[in-house]
Structures are given as C-alpha cells and as structure tokens.
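Chains: A, B, C, D and E, in written order; residue numbering restarts at 1 for each.
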Amino acid sequence: MQAGALVFYPVAALAIAGAALVALSTNIVHSAFALLGMLVGVCGLYLLLGADFVAAVQLLIYVGGVVVLALFAVMLTHRVGDPVVSNRSVGRLPALSICGAGAACCLVVFWRVGWQGERLAEPVATTAAIGDSFLKEYVLPFELASVVLLAVLVGAVVVSRKELK
Amino acid sequence: MEGIGLNHFLSVSAIIFALGWYCVLTRRNAIGILLGIELILNAANLNFVAFARFSDRPIDGQIFTIFIIMLAAAEAAVGLAVILGIYQNFGLTDVEQTESLRL
Amino acid sequence: MGEEQGVGLVAYLRWIPLLPLVGAIVVGTAGAIIQKRFGKRAVHAIACGLPVISFLLALRVFAALLAREPEQRVLLDRVFTWISLDGLEANIAFLADPLACVMILVVSGVGSVIHFYSIAYMHEDDSYWRFFAFLNLFTFAMLTLVLADNLLLMFVGWEGVGLCSYALIGFWYKDHVNTSAGNKAFIVNRVGDFGFILGVFLLFWSLSEGKQGTLVFRQIAPRVQELAGQTLWGVPVAALVGLLLFVGATGKSAQIPLYVWLPDAMQGPTPVSALIHAATMVTAGVYMIGRMSFLYSAAPLALEVVAWVGALTAFAAATIGVVQNDIKRVLAYSTISQLGYMFLAMGVGAYAAGIFHLFTHAFFKACLFLGAGSVIHALGGEQDMQRMGGLRRHMPATYATFLVSTLAIAGIFPFSGFFSKDEILWRAWQANRWLWLIGIAGAGLTAFYMFRQVFLTFHGESRVEEERMHHVHESPRIMTLPLWILAAGAAVAGFVGVPAAVPGLGEWLGGSAFERWLEPVFAGHEGHAASVGTERLLMVVSLLVAGAGIWLAWAFYLGAIFDPDATAVRWRRAYRWVYHKYYVDELYDAVFVRGALLCARLGAWLDLVVIDGIVNGSAYLTALWSRFTGLFDLGVIDGMVNGVADGTWGLGGRVRRLQTGRINAYLYAIVGAVTLALIVRVW
Amino acid sequence: MEHLLTYMTFIPFAGMAVILCLPRRATSLIKWTAMVATTPPLLMAIWLYRNFDTTTVALQFVERVPWIRSYNIEYFMAVDGVSVSMVLLTALLCFLCIPASWGIDKGVKGYFALFLLLDGAMMGVFCALDFFLFYIFWELMLLPMYFLIGIWGGPRREYAAIKFFLYTLLGSVLMLIAMLALYFHNDPHTFDMTKLAALSESYGTEPVFWGLGFQHLLWIALFIGFAIKIPAFPFHTWLPDAHVEAPTAISVILAGVLLKMGTYGILRINYPILPVATADMAFWCLAALGTWNIIYGALCAMAQSDLKKLVAYSSISHMGYVMLGMASFSPQGINGAVLQMFNHGTVTAMLFLLVGVIYDRAHHRRIDGFGGLASIMPVYTGVTALAFFAAMGLPGLSSFISEVLVLLGAWRRYPALTIVGASCVVLTAGYLLWTIQRMYLGKPNEQYLTLPEINGRELFSLAPLGVIVIVLGVYPHAVLDLLNASLLELNRIVTSAGQVSALALR
Amino acid sequence: MNLGSVASLGYSGPELVLAAGVLFIIGGGLLVEHKRRLGDLALLVVASSLVAAVGLRIPFSDLRIVDGLMGWGDGWLFSRMIVIDNFSLFFKILLLLAAFAAIWMSLGSNEVARTSQGEYYGVLVSSCLGMLYMAAASNLLMAYLSLEFVSLTSYVLAGYLKRDRRSCEAALKYLIYGGVASGTMIYGMSLLYGLAGSLDYAEIHDALAGGEYSPLALFFAVVFVLAGMGYKIAAVPFHMWAPDVYEGAPIPITAFLSVGSKAAGFALLIRFFYPVLSEQVAEGSWRFLGGVDWPTLMLVVCMVTMTLGNLAALGQSNLKRMLAYSSIAHAGYVLMGFVVLTDEGLSAMLFYLVAYYLMNLGAFLVVLVVANCTGREDLDGYRALAWRGGAIPAVAMAIFLFSLTGIPPLVGFIGKFYLFAAVIAEHRYVLALVGILNSVISLYYYARVVKAMFLDEPEGGEELVTVGVHHGVLLGLLVAPTIFLGIYWEPVMRLAANSVRFFQG
C-alpha cells in the first residue's frame, strides 16, 4: 500500500532527523527541542504500527514529562537567558566509527534474517486490551511500578532539595 | 502497508539507537547524555512496538514499551535531581568537570 | 658372617681408641673447670694416662696376635651396627691384624711419649686443657682410622684426624697466620677426602654388580677379582678406585699435588707437628694403601701412579728442604719427602718396606721435631736457623738425640733409616731404574739438608740474639726423656727389619722379622726377586751418596769450602724457584682459592641481581602493567578517544586531555565492547 | 592414644585459643602457656617414636573421619616412618623455639598465638593423608609465617614477608590445580592419597603437551609447589630474605621444618601417586637440580657477609643433597635423603639459634664485624664449632651419615653428578672455616670484650639438638630404622614404574 | 504450578513485608522525632522479611533446617511473571541478609547520620525489594523492571551524601552508565522478543529450542542483553562505573552494592543464560542452545574481568576503590563457574557468593569503622591500625582480606576451591591457571593493607580506632562464619547445590 509508505518515510525521516539533531547539535536547548521532534516522529511510527495507546502515552509522558524535565534541568542549572548553553562534543571521529559500525552490523543482520512470524496481524484497539492486561497477567509489574515511582520520587526529592541546615 | 515491512521499522530504530550511542559518547553535558539515553530507549521502544505488530500477541510488546516510557521518566526525574544536586553544591553540569574520582 | 674362621673375637679392642676419646670428652667439656679447680696436673693426669693405657692394650694386642698362628692373626671387636642398609654394612667394629698392630703400637706409643713431652712444652699456656683435649681426640681418631674394619669407619678416623690437625694447627688462634694454616690444612685435606669418598662409592657399587656390595676390608679382599673387566669412563674400575683412594692419601699424607698444607701446618705447637704432622697422621695415606694392598695389587696402573707420585714428591720436597731456614719447615719438607719414599715403596709393591719406613720414620722424625721443639722452647720461640748456631754446648741432650735421628734419616748404617730406606730403593731398582735414580738423588739431598740443619743449629758460631742467649738452657727432664726414648728407637728400630742381604747381620737375624710379621697381611701381593749382589751394591751406593750429602753440607756450612750465599746468587734463578717452593702455593691460591671466591661472588651476584632481579622485575612489570591498566580507564580509552580527536584540534587539546570527563570514556567501554563482539561475530 | 595425631595437631591450636583469651599484659603467663602447649606434642611424638612399628610399611595410628561427605573429603590422619621422623623434628623444634623466643617483647600475645598456630599446622601437614586436608594445613602455615616474619622481623621484614608469601602461594595454587585434576581423574572422586596412589597406573603418560603426559604435567605442577618450599633453584630467592629478616625462632622453624615440607611433599605425593613421571623427571628435576642446588648454595654462601644469610644459603646447599638422594632410587640414597632432612633440621636449627645468640648481644650479624669471640665466649664458640662441623658433614656427627648415604646412593645412577655434588664438601669446609676464622678466631674485637657468655636459656634450646647431632652420627639407626621400610616401599613403587616408562631410569 | 495474582500473594511474604515496610518507613519519617528509630524499623522489616523467606523454604513437618531448605512448592507466581524455586529463594535469603547487614552498618555510620534518614532507609529497603524480584523474574519485563528498580534506587543511594562531591559525582556517573547499559539491554530484549515472539522465559526457551530463528540475530540480542547484566555484576568491560561509585557512595551503600546488587545481577544472569538460553542435556550438565556460543564469550569476559580487576587494584591507595576493583575481580572468579555449563559450576558460584557476602561485607565494615573514627579511607589511614587500639578490626580485616585472597582455612578458599574444581572437572586448565595466577596477584594488594595494619610502625599522631558494640557484634557475626565455613562448610555447600534448581514449567 503506497499510502503506508507515503506516511512512513516522512515520519521516519522526522524521527531520524530529530535524533540526529539531538546527537549533533552543539546547543543543549536545541537538542532538547530536537528530541521533541524525534519523539513526535516515533509517535507517528507507533500510530502506523497500530499502537494508539502507546502513542498517546509517548506524547503524554515523553513530550509532556521528559522533555519538560530536560528543559527544566537546563534552565535550572544555567543562568536563564544564557543564549548558548554549551553542549560540546568530543571525540566525534572514533564515536562515529564505532556507532556506524554497530549500526551497520545491525542493519545488515536485520535485513538478512527472517523474524519470527513476520506477518501482519489485524490492527485492534489496544487501549482496552492493555488495561485488561495491567490488571491481569501484568498486575505485578504494574503494582511494582508504583513502588518504583514512589521510591524514586522520594529519593529524587531528597537528593535535589537543598540541605535543611 | 505493503512495501513497508518490519525491517523498515527496525532500520529506523537501529539508526536512532546508533545515534543515541553516538550522543552519549560525544556529549560533554550531562543533560545531553541523558537525552542520548532517551534516544536509545526510544529505539528499543520502536522495536517492541514493531515486533508486537508483527506477532501473535501484540499486547506484550506494547506493555513493555509503556513500562520503558514510565521508567525513562523516572530515570529522567532522578537524573534531574542528581544534576540539580550537583549544580546546587558545585555549580556545574559539565561531566568534564566531574573528575575528582580518579585513580 | 661365615668367613669368620680364624678371627679372634675380643672385646677389649674397642678400648684402645675409646680411652683417649673418654679423655678428650672429659677434658674437652670439663677441662676448664678441672684446670681451675685442680690445676694442670689433674688435666694431664687424665690426658696422658689414658693413651698410656691404650698403649698397654696395644701391647696386649701384639701379644695376642703373636700367640696365634700367622695365618690367623686377626682380632675383631664388633661393637654395634652403625649403618646397615640393603647391603651397605658399616659397623662400629675394630680389626687388629699385624699391620694394624704395628700402627697402634706406633700411634699409642709415640703418641704417649709426645703427650708427656707436651706437659712441659705447653705448661705456660692457659689453654692447656684444650690442647690435651684435642691431642686425646686426635689419638682416638687416629686409632679409629687404624683399627677400623671397614672403609666408612676408617673415613671417620680419616676426617677426625683432619679435624684435630686443623684445631691444633690453629691452636694459638689469636694469630691470623695460625688459623689460616689450619684452614688450609683442613680444606686441602677435604679435597683429598673428596677423592677418597668417591673411591669408596665406586668400590662399593662395583662390588655390588650381581650381589651385595661391601665396604668391609676382609670381605673386599677375596672379591677384588670381581672388579676385573669392569670399566668406568674407559678406565678399569680397580685402577680408578685405587687412584681415587690415593687422592685421599695425597691429601692426608701431603703428596704432590696436595702437599702444600703441611709446611704451613708447622704453625702449630711443636708436639703437634711431631705427633700429627710427622709420626702418625700423615702416614695414614700409606697405611691406607697398605690396608688396601689387595686392591692395588690388582691395579697396576694405580700402583704406577703411586710410585711416581711418591718418587717425585720425595725428590721435590727434598730440593725445597735444602733452602728452607725455618727449623720446622725443613723438617716439614723432609717429612713430605720421607712420605714420598713410603709411597714409592707402596707403588712398587713393597708394602712391607713402606710400612717399615713408616715405622722407623715415626721414631726419628718425632725425635727430630721434639728436638726442634726443645730448641725453640729454649730460644723462646725462635725458629730461624740463621739465628741459631752453636747450641750443642748448651743443649747436649737435645743435640745428641737430634744427631742420632739425623743420622737415621740420612740413612747411615746402622741407624734405622738405613735399613728401611735401602729396602725401598732396592725394590724401586727392581721395578724401574728411573724411580731408583730419583730416590737415590733424594736420599743424597736428604743427607745434605738434614746435616745442614744440624750444622746451622748446633755447630759453628752462635748467631742467637743477645737477650735470647741468656735464657738458653737445656730442656727439663720431662722433655728430654721422650727425646731419648725416641732417639733410641731411631737408633735400633731398624734391626727388626734388617734385610737378609745385609752381610752378617742380616743372615744372623734371619732376614727381616718385620716383613715376616706383616706377611699374613701382604701375602701374595709381594713379589721377591733376589739378587743379593746387586742389593749389596746398591746399599753401598746409597751410603756413598748419603756421605757425599753430609760432606757437602759440611763443606757449605761448617767447612767454609763453598759459600752458600754465593752459590745462591750464582744459581739465583733456580734458587728463587726452589726458595718459593716452585710457586705452587701461589698457583693454587690464584687458581683454586680465587677461582672459588670468584665463582662465589658470581653466584651471589647471579642470585641477587639476575634471579631476584627477574622476580622483582616481573613484580615491577606487573606493577607497571597495573599502572597501565589503571590508565586503561584513563589513558588508553581516553587516549584512544582524545588522541584522535585532539590531534585534529591542535596543541590546545593536549592540556585538555589531562582533564577529560571520563564518563564518555566509560561509555566507550560498553559501546566499544558490544560493537566489537558484533563485528567479530558478523565477520 | 587412639587419637594421638589429632591431639598432637590440635593441642597447639588449643594453646593458641587459650593465649588469645589471656590479657595482653600477662606476658610471662603467655610465654609459659606457649611452653606448656608445646610440651604434650613433644612427649606424644616421643611416645609415637617409641611405639611405632618399624617393621611394616602399613600406615599407623590411622584416624579416619568423613569431613565433607559430598566432596568425599576426609579427616584422614596417619603416619608412616617418614612422617614420624618429621613429626618428631617438628615437635622438638617447636618446643625448643619457645625459650628461644623468650626475648620477644613486642606483641607477645600475637607472637605466641601465631607461633602455636604454625606449630599445629606443621604437625597437620606431616600427618595428613587426605590431599585436601594436607593442602589446608599446608596453606595454614602461610599466614602465621607471614605475620611472624613481617611483624617481628628485621629491618626489611615487610619485603621478606611478602616475598615469602607470594612465592609460596604461587607454588601452592599450582598444587591446588594438580590436586583437583587428580581428584577428578578418578571415579569415585577422592582426595585419599592412598587411593590415589593405588590408582597410579591410570594417570596417562602418553604425551599431551610438549611431549609430556598428563601425569608429567601434574608432576611438574606439584613439583614447582614443593620446589619453592625446598627451595630449589631458581625458586629459592625468597629464602635468604626471609631468613635474614625473620626472628631467630622463626628462622629455626623455617629452615628446620618448613623446608622439609618440600621434599616431604615430593616423597609423600609425587612418588607414590605419580611414579612413572617421578622416574622420568627424576634426573633433571631432582638429581641435576639438586646437584646444582648443592654447588650453587655453597657458592652463594661463600660470598655472604651476613652470618644469617650464609646459613640460609647453606640450607639451600644442604637441601640439594636431599633432592639428589631422593632421585637416586637406591635404598641408601633415599634413606640418606630423609635422614638428611632430619639432620639438616637439627643442625640448621642450631645454627640459627646460635646466630640469634650473637645477634641478641651485638645487634648485628656481619661476619667481619666480630673476631676472637672464642676467647670472649668460649662455651658459645664450642657449641658453634659443633654445629659448624656438623653442617660440614664431619664424620661422627649426624650429617655425615646422611650425606654419605645420599652420595653413595646417588653414585650408582649418576656418578658424574655425584662427583660434582661431593666436591661441595670442599666448598662447605671453605666457607664455614673462613667464617669460623673471621668470627671466632683471631684477636678479640675490643668492642665486644664484655659480651656475656651464652646463658642457660639459650643452652637449653641448643643442648638437645647438640646431643641429637652427636647421637645420630654414632647411631643413625635411631632414625633410619623408622624410615627404611616405608622408603623401600616408595622406592619399589617408583623403580618398578620406571621400567614401564619409555624415558626413564636407564 | 502456575498461580494467579491472588493465590500468589501467599508466597510473596518477603516482598509484601518489604513493600509495607517501605511505606511505613517513609511515612514514619514524617512523624517520628527520633530518626534513628527508622533505621531500627528498617532492620526489623528486613529481618521479618528474612524470616518469611526462610519460612517459605521450610516445610513445617521437617525440623532439619538444612535439608528442609529444599524444593518445596516450585512454581510461577503472578501469571508467570516471577518464579518461586530453590534458586530464587536462595538469592532472596542472601539479598535480604545483605540488606540486613547494610542497614546495620548504616545505623552506626557517621556519614549516614548526617542525612535524612527516613528516606534513606525507605529507599534502601525498596532497593532490596527490587533485588528480590531480580532473583525471581521469569519474564523479560520483570527482569527489566526489577533491574531498573534496583538501579534507580541505587543512583539515589549512591548520591545520598549531597554535600560530598564524590558522592554526587558517583550518582551521576552511575546514572549515566546505568542508563546506557540498561538501554542497550532492552534494545537486545526487544530483538529477543522479536525472535521468540514472547517475553516469557519458558516460552522463549521453547521457541529457541524449536530452532526457527537466526543465530546471528540471537547473538546480537544476547550481546546487547549482556551489556545490561554485565553492568550489574560489574564485569569487564561493563565495570567502569564501579570504582567511582564504590568510592563515592556512602560506605554501607558501597557494601550493599558490592554484595547485594552483584548477587542480584548474578541471579538475573544465571537465570537468563541457563534455563533460557541453554538446556540440560544430562544430569548436572548443560548445553547452550544452538548457534549462540555464549560460554566462549563469557570465558573471555571472565578471564579479562579477573585479570583487569586485579591488576587495576594493585596500584590503588583508597581502600574503597581498591575493594571496588577487587570486587570486579571477584566477579571474574564467580564467572569461572558460569562458563563451564555444569551444575557444579553453578553451585560453586552460589557458594562463592555466600563467601563473598561474608568477607566483602566484613571488609567494608572495617572500612566503615576506620572511617568513622578517623574519617580516612586511604591506605595511610590504616597505618599500624593494629597497634593503635584497633587490634580487633585489624585482625578481622586481615581475616577478610586473606579470605578474599583465598587462603585456607577461610571461606574464601573453599569458594575458590569449588570454582576451580568445577573448572578443572571440565578440563579447562588454562582458565584455572589464569584464575590461579590472579589469586596470587590479588594477594599482593590485599597484603599491602595487612602490611600497613600490622607491619608498619605508627608514626604517632594517628587517631585511635575503637570499635563499639554495635559494629563489634556484626564484625563477630561476619568473622565467625568466615572462619567456621572454612573448616566445615558442607551444609552451605549442600544448600548451594540444591539451590541450582530452576523451575521451568
């Protein structure tokens, strides 16, 4: 279906371009915004893959949470109004060669091997199924996640707040 | 979606993954590195969703993805907290300058 | 043991060596206390009494042997099993046969006499008790050597006498020269012992081809023919055993090439020189060859070597003796020379003659030494003959006994040396005319230097320093009595062995009683070829040569016909060569002593620098490597990263390299390792 | 006396426990406790010696209790003749070393506690017949030794201690590998040395690595472990340092007992368990190396200026005789080797005690720094002379018998090596006599005219050893009788195995 | 047995106790005046959890505890999310013990006393909870979730000393490193999911055993996953965080990380590689599933880990840092049992972890004692420790260090002995030799500490070191088994051997 391809390539391009900008930009604020682009692109890919709930979560948590957190971090740790916040890179050449080699290996292998059951299942509405799973077979991770969040948030608060004395 | 198969998605994720690696390898700024980690996580997420789409039980992969997103957020929170802690105490975020731990 | 027929088992034999040992232990451990509490008298009462009892026991042995049939003159005293391991039987057992009997008589007899002499000679010394302890210990060791019934026990005595010799040479240990001489004696003897013990091993294992080996003399004797045909490294085993044992003998008996210690050994007190380095210990080698005569007779090659070494030593030592000025050193070289004669005798198969010379030599040489000791005692320690002269008036007894002994050693009829030496020369003549020629030349030299000594010491004008002259006196009775006893021996001992060839006397005595006495021991090993006429002719020749030697000595030193100094100058190159004892000491010192020390330093250096160095070096390398791997975190990965990167940024990066935030480098480890694994696998 | 060996091994441990409970300041109480704790093992060792049946090769006083069932590890203690002699030596030296340590004033509690730990471990090594148990005791000696050298030693003690530790640990870990390889080779897996020996034919000898068979590789691994203890060239350099720095009593133990463990281990493990390899390797690894040890040790000793170092190197030389004798595979040689172990234990103990005596007085050990001690300390000099001459192998003293037996035994198979080895008697005489001359003879050194004579406590340590040295020279069968049966059996095993092997024992 | 959510609660005693404890502690932090009480509460929580865990293993009919600690009620819980079997229970007990000791140490630590303690203990206990799940996870999701849980809490704990620059840096480096490692790991997990079509361990195993997959892709997945697990056990080359974090973190946390986190990592590693990626071919012997030769890969990792760890430790002068490198090296030793593919190897690993628990915790405890008294962690701070009042900690330290070296009769030797035994039983002599040489090298730096404590003379001016009852008791509790298990260890070994039993459905 050409339509799929038509949608796929721009969205994929957005994701990759965003990622590339995150990796390459010398300004941390730019990077953070580029991440936003990447997230949106990936979100599009999720939608293409029929994962509507995941896409929603991606937008809510990542865009609404993580990126904002990152920007907060940038702003809190640098004087506001500082136009260029350093995000220098070092050792690009070896990093590029290593990562390039890794990516190349992956790509070669992915394209060569056949994957388990490579056939397209009918897209279904996932939200209900996911919700169901959370309370059935995935109830333990679900509950555990809450403990994780509790502990992490308490810890994060303790670590980040100013000393009382 | 003929023509666009599993491997297309995997390729996108592989590229993002590699860019994530590149990012963490080259960034000097701790926040920059954290952003790189997000790239890596997103690559994995994309894989999960893609594999889920092409498997019998699509839910497993998507649930995994949701947990990854959740933990990524938690990690970002901790990361922010630590960076803030360092900033408050020492006023810097360049990992370049965090070097008192040496041989 | 089945073959013990004809052996008399007795239990008193053990006391002959053990009594002096008891003395040594008592005096050695408690001597200081005894001396302090009861005086020196108590010390020498113990130390001299016990050897005398030994001597009496030796006489009893003699009587007991005499009472037996000649073929059965063997007494055995088995004390206890010492070592018994799979055929190696070495017991504490003592064996007395005619040969051993001669030796114990000499050792305990002459030994006792010298013990008495020492009472006076050592009286002034604070370590009186120590002297007697060692003297007794020596007597024990020597008697053990002689009475041992197997080679290992003999070796105990063999080394034991070496120890005592060492201790007594260095008796006055505060003087470095004395202790060095002791060391030299011990170490040179050790070289000999090394050969000896190897000979023992070789003999044992050669005999154990097929059956069990043995080291017991009486068991070896009948089995010597088993050695025939065996070779080791191309040398017949019998000869090799003989030669190795002879190496031991050259050490103990101061023969070429191991004679160098004996002259130095004169640093010891004079009684020691008399007892150990003249009468007894140094003859152990001769005795050993006599004891092993059955073996040597089966090894002509070994005998030949023994004979030549003996002859050459006899001559060479005599030449050195000619130029010595120290009264004791002359005697020392004379001892070496006389021992050479004994070995010459052994080497030509004249065992009985060799032992006979040993017997007579014990008397006259002991007497000479004691006489020299008497002179030294009188002169307050002076030993240089250049500073003596004219002493016969002051010390008549010493002079008389000294002269008798000198005549004996020079081989003047009818003193004992004449009979024993002529027997040897005669047998040498029979074996090889060259040996005889060397021997007779040596005899002439002997007469010359001995009379040179007599003339320089006792005749002529006194050259003694003034203040010493005041003290010159005849020695006390306790010292002169031994001199007389020994001089008597020197004078008459020869008559027990008068050869049948001596006109009148020999026929009257019916040939040599000494030889007959020893016949059971050496039976079958001695060849006799009788040509009485030649023998008599040779006797005359040797008398003439001795006379010529005496005349020359007179001509040089008394008659003033020749000037010794001028002669020395004229022949100065030869003189210096001889005067420095052919530079053998220097040679040995340079080669062996310094060689050993060099090896030692080399070894220590190797140990310290090389081996330890390797160990420490590897430790160092490990440390270095660890620093490297420590830098692995810091330097290598960072370097890999930054080296490439900064290289492009120019010099400024160099500074930065030292302060990289290493978290990137850390991450390289993960990423790099994973990628590496992937690449390796895909590739 | 059913559990005699256990008592002997564990009474010192109990003593250690008691000492640890005592107050730190009660130094004399601690010392006496140590004395009391070392006495029963000595008495038991003597009782053992008296009641040991010398006519049989069977193990005696066997104690066997399963320890770790799942791994088939047993608490298996027993003795044969060789062990009895070593146990006797250990008990005696440990007992005598307590008075020799009386002068320790730093950390008394720790010193004696560690000493007793060492004592028990050494006993255990000589009694254990389960390889695992053996290994445990073997390693157990390491720690106390490290501390005893490292805390109570001389100026360079730290270097010496760590060197000792590293060397011996290296050896023992190789031993561990070999032990495990042996264990897994048999089915059912076992550490029982007697069972391992009974199955000796099953350890392959066909080449697997550089022409060496499985059995040979095991042999080499074990040998390196033991060679370090002996110590054989080139694994010996820990010894001079350790000896020089260790306190007197520890030097005594080190030289008197620990060195013997190397050769004991070879006899106990390599010989019966790996007989073919033993036959194959004997020439190079034991005989030739032993001879080299003899000469090399003597040469190094000759070059030393420190008395203690000299004695240490002489130990290397004397242990070479043991190796040569072991490799001779003749009844005389192998008996001589073990007798030499015993004799060296007593003689070298005397030597180190004597060095300690003079060091306590003059606070240095430079041979050239003395002179004329004979007139200052005559009794001391007399005892020293006895020890020196015993070390020299003078007939009538114990070492003579063993050295002669070794050389005699070795001659048959290796005449050339024997000649080289025997030539060392000259070197030994050389360095010892020169030492005597420089230290004891000559003019008294003005500086030391007032040195006090050897005292009763020191004599108490020395006298029994001196008596043994003399008695064994006159009546060596006191020890030889113990050894003969066991050693002949060992010899038979190896020689009969040697005939199987292609390389071996020509 | 495959239980649903409600039924599973009956077997989740330890975890429930911990979870409730976390709430109580954090909540209590807001109410309680005396913050130290919170530590006591945490101790109580962990102890009761321990009781519950032990209780799970003991059938009430049999009072012989050791024999009782064996297979009973194996099965999946919570719809195959986690598994309860001998293996997981063994690790749960070990991990709870580690937490127990860490809390005990924290109670006496001056560093910790200056922080907000309620949250500290809450996070610590929750970290322990995460570890318990790591030991039991039988699903990729659970594995990732629990691992990340532990990681996140560890970051917080490592950075807990806010005013200590080293601590903050440690947290940051740990965070970044952990993020990258776990990101890489889940990327691998996603590939695995793609290959096997499932997240469930047993189903993955079946799928792989079915053979319809590309070995190359599987290898990629395994390598990526290994990055995450290797980071948890601090194996080279995923070890680099360890020295910095160990040095920077508060000492009790360092101890907890080096023992607990590592043990949990091993639990995860073993369960992933053995029941999932291998199959049992005979009694006690395993075979990796076709194509992916991970044992060879791990062999390289193992040898490199111990060698690099030891060599890097040689030059360290900070005790914590030295112990960090040493703990890397010990991970390498433990991996020796991992590569031989036998039950002996696995049980040796478990035994070694027990030994490692005792001796490494002990060593850190002494470090804590010294740091409490002198504030120093460098080697010079240990100078003549034995001679300035600290004889007891010095002796204990010597025992622990020698045990770490592997010298009998201490438990470390027995641990190494079993590892070497497992290796040699499979005729891996080269590996054994490398291990042995490493043991010798390790002696060098351990002995350096011992030397400093005993052999060096005090220079004067050093502070006295005293050990109070609180730490003294724990010291005794650690020393006694270190020695005792070196002499008689059979029960523990039996326990370890029996714990090598995985529930696979």
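Note that in this section a contact is a pair of C-beta atoms (placed from the backbone, for glycine too) under 8 Å apart; a residue touches a chain by one contact, two chains touch by 3 or more.
Here the structure is a predicted model, which means the values were calculated and not measured.
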Quiz prompt | Partner chains shared by chain A and chain D (touch criterion as defined above) | solution = C, E
Exercise. Farthest from chain C by Cα centre, which chain is it? Let me know.
Key: A
Quiz item: Any idea which two chains share the most contacting C-beta pairs?
Solution: A-B
Exercise. Would you mind checking which chain's C-alpha centre is most distant from the centre of chain D?
Key: A
Quiz prompt | Rounded Å distance between chain B and chain D, as computed from the means of their C-alpha atoms | solution = 65
Exercise. Quick one: report the Å distance separating chain A from chain E, using the average Cα coordinate of each chain.
Key: 31
Self-check item: Distance between chain centroids, defined by C-alpha means - chain B, chain C (Å)
Solution: 95
Exercise. Take the average of all CA coordinates in chain D, do the same for chain E, and state the distance between these two points in whole angstrom.
Key: 43
Practice problem: Give me the residues of chain E that touch two or more other chains. | Solution: 141, 145, 148, 152, 155-156, 159, 162-163, 171-173, 176, 180, 184, 194, 197, 216, 220, 243, 315-316, 444
Quiz prompt | Per-residue multi-chain contacts in chain B, two or more chains | solution = 6, 10, 17, 20-21, 24-28, 33-34, 36, 45, 50-52, 54-56, 63, 67, 71, 74, 78-79, 81-83, 85, 88, 94-95, 98-99, 103
Quiz item: At which residue positions does chain A touch at least two other chains?
Solution: 90-92, 95, 98-99, 102, 105-106, 109-110, 115-117, 138, 141, 145, 148, 152, 155-157, 159
Self-check item: Pairwise chain contacts under the document criterion
Solution: A-B, A-C, A-E, B-C, B-E, C-D, C-E, D-E
Quiz prompt | Touching residues on chain B, where the partner in the complex is chain E | solution = 6, 10, 13, 17, 20-21, 24, 30, 33-34, 36-37, 40-41, 43-45, 47-48, 50-52, 54-57, 60-61, 63-64, 67-68, 71, 74-75, 78-79, 81-83, 85-86, 88-90, 95, 98-101, 103
Quiz item: What residues of chain E sit close enough to touch chain C in their complex?
Solution: 172-173, 176-177, 180-181, 184, 216, 219-220, 223-224, 227, 231, 236-241, 243, 297, 308, 311-316, 441, 444
Quiz item: Hey, which residues of chain C end up touching chain B in the complex?
Solution: 630-631, 633-634, 659-664, 667-668, 671
Practice problem: Under the touch definition given earlier, write down the residues of chain D that touch chain E in their complex. | Solution: 67-71, 107, 135-136, 139-140, 142-143, 146-147, 150-151, 157-158, 161-162, 165-166, 169-170, 173-174, 176-177, 180-181, 183-184
Quiz item: Where on chain D does chain C make contact in their complex?
Solution: 163, 233-234, 236-237, 240, 296, 299-304, 330-332, 335, 372, 374-375, 378, 389, 394-396, 400-401, 404-405, 407-408, 411-412, 415, 418-419, 422-423, 425-427, 429-431, 433-434, 437, 440-444, 474-477, 480, 484, 488
